[in-house]
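Look for chain A in each of the two complexes below; its partner is chain B in the first and chain C in the second.
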Partner chain A sequence: MAGQSNHELSLFSAEELEFIAEDEIVDIVPNLKMGPLNFISGDFGPFTPQIVTQVPLWLAIALKKRGKCSIRPPLWMSVEKLSQVLEAERDSQEMSDQLPFHYVEISRLLFDHARDNIPDVYMVRSLIEDIRNVRFHKVETDLEAFNGRTIAVKIKNLSAMEVNIVRPFIGRALQAFYKHDSPELIPDPERVSDRRPQVVNNAPRRQLRR
Partner chain B sequence: MATKFSKSQNFQGKLTLVFFPKIKHLPFFIFILITSLLPSFILISLRRSPISYPTHSLNNPNPHSPITLFAVHSVSPFRRHDLLRHSSVYSFDELKRKYRSSRQKDRMAKYYDIDDIIMEEETVSVIFQKAASGVGIDPSSEMDFIETGSKVELPFWLAHELQLRQAVSVNVPSCFDQKTRLEIQADSAGVDLRSRCPFFYDFGCKIAPIVGDRTIGFLLLSAFKSRYKEILTKAHSVAFAAGSKFWTILTKEEINLYETAQSAMASFKKWRMGGPRFQIAAVLGRKRKSTE
Partner chain C sequence: MKVRSVKLREAHGAIGGRASFCSVLWDQQANHLVTASSSDIAICIHDPLSPSLSPKILRHHRDGVTALALSPNSTCLASGSIDRSVKLYKFPGGEFERNITRFTLPIRSLAFNKSGSMVAAAGDDEGIKLINTFDGTITRVLKGHKGSVTGLAFDPNGEYLASMDSTGTVILWELQSGKIIHNLKGITPDTGLDISAVNVLCWSPDGETLAVPGLKNDVVMYDRDTAEKLFSLRGDHLQPICFLCWSPNGKYIATSGLDRQVLIWDVDRKQDIDRQKFEERVCCMAWKPTGNALAVVDVMGKYGIWDNVIPSSMKSPSEDIPVKYKSNGVLLFDEEDPENSASGSFSDIGENSNEELEPPSRKRLRKQSLSEENLIEEIELHPKVDSLKKRNRSSKENLDSGNMGFRGTMVTSKAKMQEAFQPGSIPVQPGKRRFLCYNMLGCITSVEHDGYSHIEIDFHDTGSTPRVPSMTDHFGFTMAALSEHGSVFANPCKGEKNMSTLMYRPFSSWANNSEWSMRFEGEEVKVVALGAAWVAAVTSFNYLRIFSESGLQKHVFSLDGPVLTASGFIEKLAVVTHASDCLSSNDQMLEFIVFNIPQGTRLLQGRLPISPGSSLNWFGFSEEGQLCSYDSKGVLRSYTSQFGGRWVPLFSASKEKSNENYWVTGLNASKLFCVVCKKPDHFPQVMPKPVLTPLSLSFPLASSDLGSETHENEFMMNNLHLFEIQRRMEEMASVGLDTTSLDDDAFNLEAAQDKCILRLIASCCNSDKLVRATELVKLLTLEKSMRGAIKLVTALKLPNLAERFSSILEERLLDEAKKAMETNIKENCVAPIKADAHSGIKAPTRSETLNAVTTMSSPKLSSPSFIRKEKTQEGGKAGINRTAMVNESMKGKQTGNETSDKMGKVGDIRQVEQTHPSYDPSTKSSDKNGLNKSDTSLGQSNRPSNPFLKSTIK
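Up next, the complex of A and B:
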């Protein structure tokens, strides 16, 4: 699935990613009484005042805008949890796996529409910003390791927004490396000897079962 | 008149009645027929007569006969048409068209690539292995004749095409000379490649098999490897977006890379900062002008 905003780079725009992230499920505390809603993606509700229920983020925001519910911030979105994550990110070169795939988009949506439901909103916001910066710096150091032999990159636990930012750059860089390292341009005697001789398979061929 | 013929008249009689009602009109009819066909007879006989165009070709096996190149704009349109159909004579335009259409299929994707076209205008210096006449390449030259062994600057597409016919031999362009190599080895990130050749990498890839220089490939790869790191560190930080000196030394390919990273980062920043959630199309906000 590619974004519609830029055909050439097959790049999602940030808004498209936000749209995708709105399908994530959040907890809300409604203050209205309403029967269950039957959507293609599933049934949500029934809504009873002060009873916690789970809805997609877009529905939660729509209800919140009308003052019909309060959104419970996700578990990871607390000062203690985020400080832990930040520590973990700073300590190791690996990306931590404690944040959801869409943490950048979800946090932005909640900051925009439900700031009164998030405790310590300024602290949370700056923590998330720090985490994002640290993680992005790690991505850049990973990318520095590129050379002509690189054919793919593997970075664990990268989030949707982070991968979207570096995608066009990585794609073009890999393409350029591939082009300049093509064997017709560089007939490399070392590499030929480098390549391991194919292991000759001496095992007798297995008879195919009829 | 046509209604007056009797039933005994045969079918041919009907026909003749239709075209010339009376037999005395027959000479007129024949006269008109001949005069109307005369121009085409003349044309046909003209076509048959041998046209004395030079038949020396680039493919001519005789190495001593000079090759002939025509600049198309110097001949009249009528002759140009015939010349172009005359397969052994090439005009510049024809050569270029032939060259572009003879590229392999994987390169066809680049047929309309404006960067590719500009890159092929890059001049290379060649040495003519055959004498060539009818060449007005250098406007300051007194005669339109090039002797064997003369050194001429030609655009890449022409040099390549002539090289395929063994009419010229291509020299290594100046942007891949020893001086540049030493500079790249010393401090690749600081070398101003753009002023040497704006399409350094693409041009290098194309010229390497033609001049038969194996080391160009290594040069390109090592230059790109180290310059890539420089681009990477600067690409995703918006601070560098404001015009710095860094820009000016990048080749076109590197700028493309740099700009994709910059634009991805900029669009993310824009989204994060917020701003108008719903954008109104420019057409909608405009007020209609009164037509009075």
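Up next, the complex of A and C:
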């Protein structure tokens, strides 16, 4: 439903979200000696071989591409932690707050560029996919509670990707409800109930991965 | 023993009378009995209370059902079939839920884990699939079996999965990682292709023992952790055992053999209690979870319930089911002793009383001696099991038993001299790669492969350093050292024909074949070290041999004692030797000596202190060339020339996290670089590549009443560094080198130190330690910071302290003025014109110092002048300082009520000050400055070289 909303409808493309997520800080183990780098966003480094430093993800990926560092996967990207999260997600209807805001993007970037640095890559990947699915499912069920009297939607701990997909849909849906609720605008109440399933079924599934 | 017959009922018709594998299961409440046959597509759910009723039949599979499993809470039934699917049903309703997985070949075995969240399924396919029962996702595929997997069993404690294949191999998997922990080949009969007789295995309910059919028609028990054979149950089976099953309380075991017998064993006494002969082979059994009964099913698909299996004189098989077993397995052996003696059958009271005193693992072994097992075998078994267990639990023990000549050993061995070692090496671990050398530059690793070793050299910085091809080593090098330019290796001598060899390998050379090696006859290399263009080796004859980079033998001389370790740093070589035998208190007596190799001089010599009862773990130079040592108690010491050359403790592992050990690799002036190892490990493994952690150096300071340890520590650290820099400056100056770069360092350090002292003063004031604060003020180097201190105490409302500080400042200024006067007089005499020629910054100095000359003539008055340190102060700020200083001196005078005297003596600068005669000492100096600024604007026109000019501009 929400997860299947149209590409044009979302605020950002997945690439744009990835770009935003690249500002997240990660730990790297450099294998070069280099002085600190002074950027507008701040100073990073100095880089000493085998000593962990914190850099933004984009820099980590740039260094990694040149073979100058290995990226340490964030703490939450371990099999144990993710299994815990998955369990927590399954247990309650609430979204858990244990994953970072950009977890989809970060994990995607790391799977693309730093595969060799992640222990149990396949397991981690499938766990994250599971978590993502479970969370999307929850969002969808949350949205089922929509009706004409809904004026706002509050879902805690949504991640960037989820929010991005869901937000335009919710906005439009609320707007539609509002419009159809006021009798002078639309006299026929049947169409309101027609509208929602249409969105569900017709929109093509959004592809995150290629 | 009385032979009773068990009445069997037909459940699954065997096609053409062919033997097929059948399974039987009880549910948790013993309300239902589930049977299936490999020649029947149906699964039957029987009601054991009314066997005449027709069973509920589930026909979902398209081929015979080979495996059944019930989730522990009996809400979910899983079945596996020759049709290659695994299906889930609701239980006891029997509604089909879904196919949770498919294989490419028939399924032979299924098992639920303890929580019911996972099903393991396996069969003729290659891998064992672990399937999540919630969503049917395959969490893991475990590959390692060569034959079809016929037995699966989750460890009741949830850590392991045991699996067994038809070729007789048992594998223990760790569920967490999916790794094989133990692979026991050929321990059970090879059943080949006979699918009606499958090998099974079974964990005892406490998870401490794994029962497996043995090769000698027996049941063999294996230990949970070590997979060592514990004991076996051998008795009256004439053919191999094809099925076995623990009673719910773990006291009994039921076994069924190919000889169509079913035997019931008392596990503790290793005795068979009862037996039953059947017409057909019994291929599956299940203990009733409640009560005293065993369900059996034979290969013809007939099932029956054997009631009252255990004689009433003994404990019921479902009695005393432990709710939660502890992993130490104590429960298994508790409480049965009175029962045994009460039953009177095999009483051994003496034995029992002994056993109670022994730890459970031993107990189990003692019990073994009762069985028919061969005594000698057990005696051999005994220590083996122990040692294996220990290895599993602590690697330190491993060190003790396994390896010679490395740190771990030395800690425990009593009053023995520590053996020679290379800094940054780890002990040999069979089959594993080890570090021969690890330093801040890179590492040399070696792994032994039948007969020869494989050596790799890796630099941490892969960009700017050469890539060194790995090499095959036929010598068996155990020592190595690494520098930017080359690496040196050495091996100990092993017998006659394998002499000790020293080999040097440069990384880049203009000539081919520039690596060289030396052999030592009857002598053994103990330690090697490497510096800039030299190689050092210390041998068993206590010879220190120095070679040049190209292999020229340059020096040989004797050392004072047997060598412990050595380290090189550019031109310096440091060697640690034993001064004498170990003291009875287990303290090592060590000496160190430092040479300058190119110059051929001795730089330092002395005792090397280490913590009492410890041994040396690391020895080397910091990045700045300071000599440092790290001992097994976790104390880092650095050599300083203070107090005529002392070792200063700079770091203590005991102050850090208690569950970590630190493996030192190097350090610089402020940080110690080490690999953090979780206890009990003392050293890291080569894989995964260890990551260095920088730790701050700190003195082991006493916890003071001040409560600001970090600043106190910083204060001492800065002092130490300042001292070192000054020493180096002196050294360089004496050689005639330029010291400006060090000068800058020193200045920065002084500034940092002042900042630190100011913080300390603040905390002293806060905790009312005024005397200490006053002492600290005296230690400030810059006038600016003293002024800051005064500001600080005035802000803290401590006027008397402010006054004291001001007088200290005054005193100091006076001193400086004296000095300045002397120098100035000299300067004036020598080059007055030159001084005048200086404009801007220089000019006010001159005028000020001249003032000083005039004021000095009056003994009553203090001097308003000072010397300016060119390095330390900028013109503008200096101006402010100057005005402030003048104010200070003003204050002194005004308290003396001699304003008129001043006027004449000091001159026009004073005039400006006159405008505010009533001066309050508690006013902040900044206020003073502000006032002065306005004042100076008046006086400015009078005198172009007025020192206040600067402050107004600012």
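Points to keep in mind about this one:
Everything below uses one rule, namely that the second predicted complex is superposed on the first by the 172 of 210 C-alpha atoms of A that agree within 3 Å, B and C clash if a C-alpha of one lies under 4 Å from a C-alpha of the other, contacts with A are read in each partner's own complex, and residues count from 1 in each chain.
Assume contacts are C-beta pairs under 8 Å (C-beta built on N, C-alpha and C of every residue); 3 or more make two chains touch, one makes a residue touch a chain.
On a predicted model such as this, the values are computed, not experimentally measured, just so you know.
Placing chain B and chain C on a common chain A by superposition gives a fit, with no clash between them.
The partner of chain A that touches more of its residues, comparing chain B with chain C, is B.
Applying the stated contact rule after C-alpha superposition, one finds that A:121 touches neither chain B nor chain C. Residue contacts after overlaying the shared chain place A:49 against chain C, while chain B stays out of touching range. By the touch criterion defined above, A:167 lies against chain B but remains apart from chain C after alignment on the C-alpha atoms of chain A. Touch criterion not met for A:20: it reaches neither chain B nor chain C. In the superposition on chain A, A:130 makes contact with chain C only, not with chain B. In the superposition on chain A, A:29 contacts chain C only, with no contact to chain B. Using the contact criterion defined above for the overlaid structures, shared-chain residue A:68 touches chain C, although it does not reach chain B.
Measuring only between alpha carbons, the smallest separation of chain B from chain C in this overlay is 18 Å.
In the three-chain superposition model, chain A touches chain B and chain C at no common residue. Contacts from chain C toward chain A in the complex involve residues 134-135, 137, 139-140, 459-464, 673, 689-694. On the side of chain B, the complex with chain A involves touching residues 201, 205, 208-209, 214, 216-218, 220-221, 224-225, 228-229, 232-233, 235-236, 253, 256-257, 260-261, 263-265, 267-268, 270-272, 274.
Those residues of chain A that touch chain B in the complex are listed here as 9, 11, 13-15, 18, 104, 108, 112, 136, 140, 143-144, 146-148, 161, 164-169, 172-173, 176-177, 179-181, 184-187.
Here chain A touches chain C in the complex through residues 29, 31-33, 49-52, 67-68, 72, 90, 123, 126, 130, going by the rule given at the top.
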